[in-house]
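Here chain A shows up in two complexes: once beside chain B, once beside chain C.
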Partner chain A sequence: MAYSDKVVDHYNNPRNVGTLDKSSDEVGTGLVGAPECGDVMRLQIRVNPETQVIEEAKFKTFGCGSAIASSSLATEWIKGRTVEDALAIKNTDIVKELSLPPVKIHCSVLAEDAIRAAIGDWKKKNGVAETAATAETAK
Partner chain B sequence: MSTIASQVEAPEGVSLPIYMDNQATSPLDPRVLEAMMPYLTTQFGNAASRNHSFGWEAERAVDTAREQIARLIGASAKEIIFTSGATESDNLAIKGIAEMYRERGNHIITQVTEHKAVLDTCKRLEKYGYRVTYLPVKADGLIDLEDLKRAMDEKTILVTIMAANNEIGVLQPIREIGKLCHEKGVIFHTDAVQAVGKVPFNVITDNVDVASLSGHKIYGPKGVGALYVRRRNPRVQIAAQIDGGGHERGMRSGTLNVPGIVGMGKACEIAMEEIESEAAYLRGLRDRLKEKLESALDYIHVNGSMEHRLPGNLNVSFVYVEGESLLMGINDVAVSSGSACTSATLEPSYVLKALGLGDDVAHSSIRFGLGRFNTQAEVDYVAAKVIDVVKKLRELSPLYEMVKDGIDLTKIEWQAH
Partner chain C sequence: MKVVESAVPVACWSCSVAHNESTLFCPHCSKIQPPPDGDYYSVFGLTPKLEIDLAVLEHEFYRLSRKLHPDRFARAQEREKEWSLADTALLNDAYRTLKDPLRRTEYLLKLHGACIGEEFAGADGNGRRDPSRVPADLLEEVFDLNMQIEEMRAARKTGAIDRELESNLTEAKEKFQSLLDAVDADLRTQWRAWDAGNGAARGTAQKAMVALLDRRRYLSNLLRDVTETLGA
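After this line comes the complex of A and B, so read on.
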C-alpha cells in the first residue's frame, strides 16, 4: 500500500518520541490499544498546573506506519494547547491531515483515544474533572 | 530521535530493490524464457491441432515438458495434467476426488495451515454435505501422525496435506502420511507447490497419489501449473471440473498454454539438475541471515521447525515491533509479513496463530524467502538493514520499554479495539 508523504515524513522523523516521569503529578499518561490488535500507543503530557497548558508531549507507539504517524502528529498538535483545547482534536482531523485510507482510520481513533486517556489521567491525578464539574453546576 | 528509515548503504554490486520473497513468486530464469520464446512467437500452434505441423510442433513441446515435470517427481508423463496454476490444481484434485468417490464416503482430512486454495475448497465441500476434519499442528508446525490416525474412519476418502508450507516453510511428514493413507485405502493429495524443486520429492517413495504443482514458484512462468494423478497402485480417478473439448485425458478441458507449459518443463529440468547444490546454497544464506539477526537482536522468535524446513525460508517474529512498520523501514527489500496490517482481511496470519503464537507475535513476523538469484552480499545488506530498523522501532515501542522495565505485558488490562 502506498503511504501519503505526510505519513512517510512522520514515520521517518517521528516528533516527540520519549518517556515522561509517570509518577509526576504534572504528567498524564494514556496507554491505549492492545498488542494482539497490532497497535499500542502511549501518549504522555506534562501540564502546567497554573495555566493548564500542555507544555510537553511524548509518545511511543507499537504499530504500523499510520499508527506511528497518527500519534506523532497528535503530540505535535496538543503541545502548547490547554487540556480543554486538546480535547477538541478529533480523529477525523488526523485522517484529513495524514490522508489516511479507510483501512487506517482506526489508527486515528486510537490517537484520539490516547489524547483523551492522557488528559483523563492527568485530570484524575489533579482532581480537575471534579472541580470543573462543580464549577459547571455552581453556575 | 534520529530518522527511522535506515541509513545503511547498499554495498557495491547490490542493486536495489532486493527481491527476497521467493515463496510468493520467483523470477523467471533466463534459461526458461529462452526455451519459451519460440512458443510465444513463431511456434504458436494449438497442441490439439492434429492435422498440421503447427499443431504437431506444439504437441511435441508439450510432451517434452510433461516428461521433464514427471522426471522431477518420479512420475510417468501420462500422469501429468496441465492446469492454469496450483490453485486450480488444488480445486481439481479435491473437488474431483470428492465427486468421483462420493459413493465410497464423504469424509476429507486436511490440516489448519494449508493454503487457502485447499482450505476454502474444503469449506465449499462442507456446504455440499462433505465432512472435513482440520487437523491441528504442533508448535513446530508439523501435524501429529497420531491425530491423523485417529481422524480416519470408514467414510474417509481423501487426505490432503501440503508438502511444504508457504509461510513458514515447514515440511510435513508426507511419506508417513502417504503410508498411512495407503494402509487404509485412502487417497493422499498433497499441495507440493513449495516443495517440488526445492527438496527431494518423489511420488513413489513419498507415497503420494495426487500432487499440485506450480510453474512460477520454481523460476518458471505464472499462469501454469500441473496436477500429478497416479495411474497405478492405486489408480486415481478425478471428475473433471471444467467441461469442454476433453483435453488432458478428459480431466481438464481447455487449449493448452503451450509457452507456459514449455517454461514449466524447462524450469523442472533445471531444478532437477541443480536441486542439491541450490538447496545447500540457500541453506547457507538462510542460516547466515538467521545468525546475523540472532546475534544482534534480542526477543526474536523463529516461527516453525528449523529441522523440517525449506532451505530458502526464514520466518521470524521481531517481538514488540509491528511487521508493517518494519516493512516500511526496509522499503527497498521485498519480503512479506504476517501482520494484520499487511493483509486484506486485517487478520494476522492464520498459519502463525495455528502454531499457538499470540496475535502479537504474528503481527511482528517477517518472512524472508531466499531464492536462486539472491547473493551473500544481499543477505548481509538485508540483515544490517533489518537490525538497524528493528532497533530504532524498538526505541519507539512502548512494549519493548515496558518489558525492559520488568513489566509483565500479560498482566496489563489492554483495551482491545
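After this line comes the complex of A and C, so read on.
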C-alpha cells in the first residue's frame, strides 16, 4: 500500500514536533493510544487564557506514517483556532486531506481523540466545565 | 468462515454418500474432496476450543499432509490433482493458525464475531473508539519508554554510550517481559473460562481476551523495540 504524497510529506517533515511544559496551566496534554497497532500519540496545546486561542501545538507520535501525518496535520489545523473551533475538527476531515485508505482511518481517529484529550485536560486544569464552555460559545 | 455447528452434510462427488463438509477425504470411499467450507478446526476433526491437544493437531497435520502429497495423485483425475494442491494450502493455513496460541485465540474469537485486528483499532462498527479498550494505565509508561528508546538510538548514532539510559532500558525490558508473561497467564485463564462456559460466560471471557490481546500487542511491540535497541 502506497502512502499519499501528503502523508509522505508530513512523515518526512513533521510539523510541530516537540514538548510543551506539562505543568503550565495554559498547557493541555492529550495522550492516546491505539491498542491494535501499538501506536501512541501525545498532543499538547498552549491556550491563551484571554482569547482561548490555541497559540502553540506540539506533538510526539510513536507509530506508523499515517499516525505521524495525522497528528502533524492536526497540530497545523488547531494552531490559531479557539478551543471550541478546534473541537469541530473531525477525523473524516483528516482522512480526506491525507487520502488515508480504510485500514488507516483509525490513525485519524487517534488524532481527533488526541485533540479532544488535550482540550479536555486544559479545561480540567482551568476549571472549565465541558458543557459550560460549549454553552458560552453558543450565546 | 463458518462455525462448525452450521455445517451441512454434502455428498461425496465419487460415491455420493453424504459426509461432513469439512473432511478432506470421504470417510466412505476415501476419495479426496474439494477444499471444504468449514472452519480450520473441523479440518483436523477438532472441537473449536482454545485449549487444544497440540500433539493431536500435529499428528493429524502430518497424517493429512502425507495423504495429500502430489505423488499420490500422479495417476488421479485432473480435478483430484487440483484439489490435492488446494487442500494442502488449506491444511497449511489451518495448521499455522491453530498451532500458534495467539493466532488460534484471534481466529476463534473472530469466528464468534469479535472485532480484532488493525482494521478495527479499538473502534466499534461505526469507526468510533471504545474507550474501555485503550489500556490507559499503560499509555504513560509506553510513551516514556518510547522516548527513552529514541534517546538511546540518537545517542548511539553519535557514538555516545549512556550507561544510565542503558540500565534503565534493561530494567524496563525485564519489567515489560514480566507484564507480558502475566498477560499470557491471564489469557490462559480466560481460555479455560471460554472453553467451559457458554452464552454469557463466553461473552465475558471473550471481552476479557480482546482486551488482553490489545495489551499484549502494545507490550510485545515495545519489547521488540527495546530488545532491538539494546542489541544494536
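Everything below uses one rule, namely that the second predicted complex is superposed on the first by the 126 of 139 C-alpha atoms of A that agree within 3 Å, B and C clash if a C-alpha of one lies under 4 Å from a C-alpha of the other, contacts with A are read in each partner's own complex, and residues count from 1 in each chain.
As a convention for this text, a contact is a pair of C-beta atoms (placed from the backbone, for glycine too) under 8 Å apart; a residue touches a chain by one contact, two chains touch by 3 or more.
Just so it is clear, the model here is predicted, and its values are computed rather than measured.
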Query: With the two structures laid over each other on chain A, which partner does A:32 touch: chain B (first), chain C (second), both, or neither?
result: both
- prompt: When the two structures are overlaid on chain A, which partner does A:87 contact: first (chain B), second (chain C), both, or neither?
  reply: neither
- prompt: Touching A:12 in the superposition: chain B (first), chain C (second), both, neither?
  reply: first
Task: State whether A:103 touches chain B only (first), chain C only (second), both chains, or neither.
output: both
Message: Quick one: is A:53 in contact with chain B, with chain C, with both, or with neither? Answer first, second, both or neither.
response: neither
Task: Would you sort A:65 into first (chain B), second (chain C), both or neither based on which partner it touches?
output: first
Message: Between chain B and chain C, which one contacts more residues of chain A in the superposed model?
response: B
Message: Contacts for A:3 in the overlay, against chain B (first) and chain C (second): which applies, first, second, both or neither?
response: first
- prompt: So, does A:42 touch the first partner chain B, the second partner chain C, both, or neither?
  reply: both
- prompt: Overlap of the chain B and chain C footprints on chain A, residue-wise?
  reply: 31-38, 40, 42, 60, 62, 103, 106, 109-110, 113
Message: Show me the residue ranges of chain B that touch chain A in the complex, using the header's touch definition.
response: 1, 3-5, 320-322, 324-325, 328-329, 339-341, 346, 348, 358-360, 363, 395-401, 409, 412, 414-417
- request: Within their complex, state which residues of chain C touch chain A.
  value: 116-123, 127-129, 133-135, 138-140, 142-143, 146-147, 150, 214-215, 217-218, 221-222
Statement: chain A contacts chain B in the complex at 3, 8, 11-14, 17-19, 31-42, 60-65, 67-68, 103, 106, 109-110, 113
Statement: Per the touch rule, the chain A residues reaching chain C in their complex are 31-38, 40, 42, 60, 62, 91, 102-103, 105-106, 109-110, 113
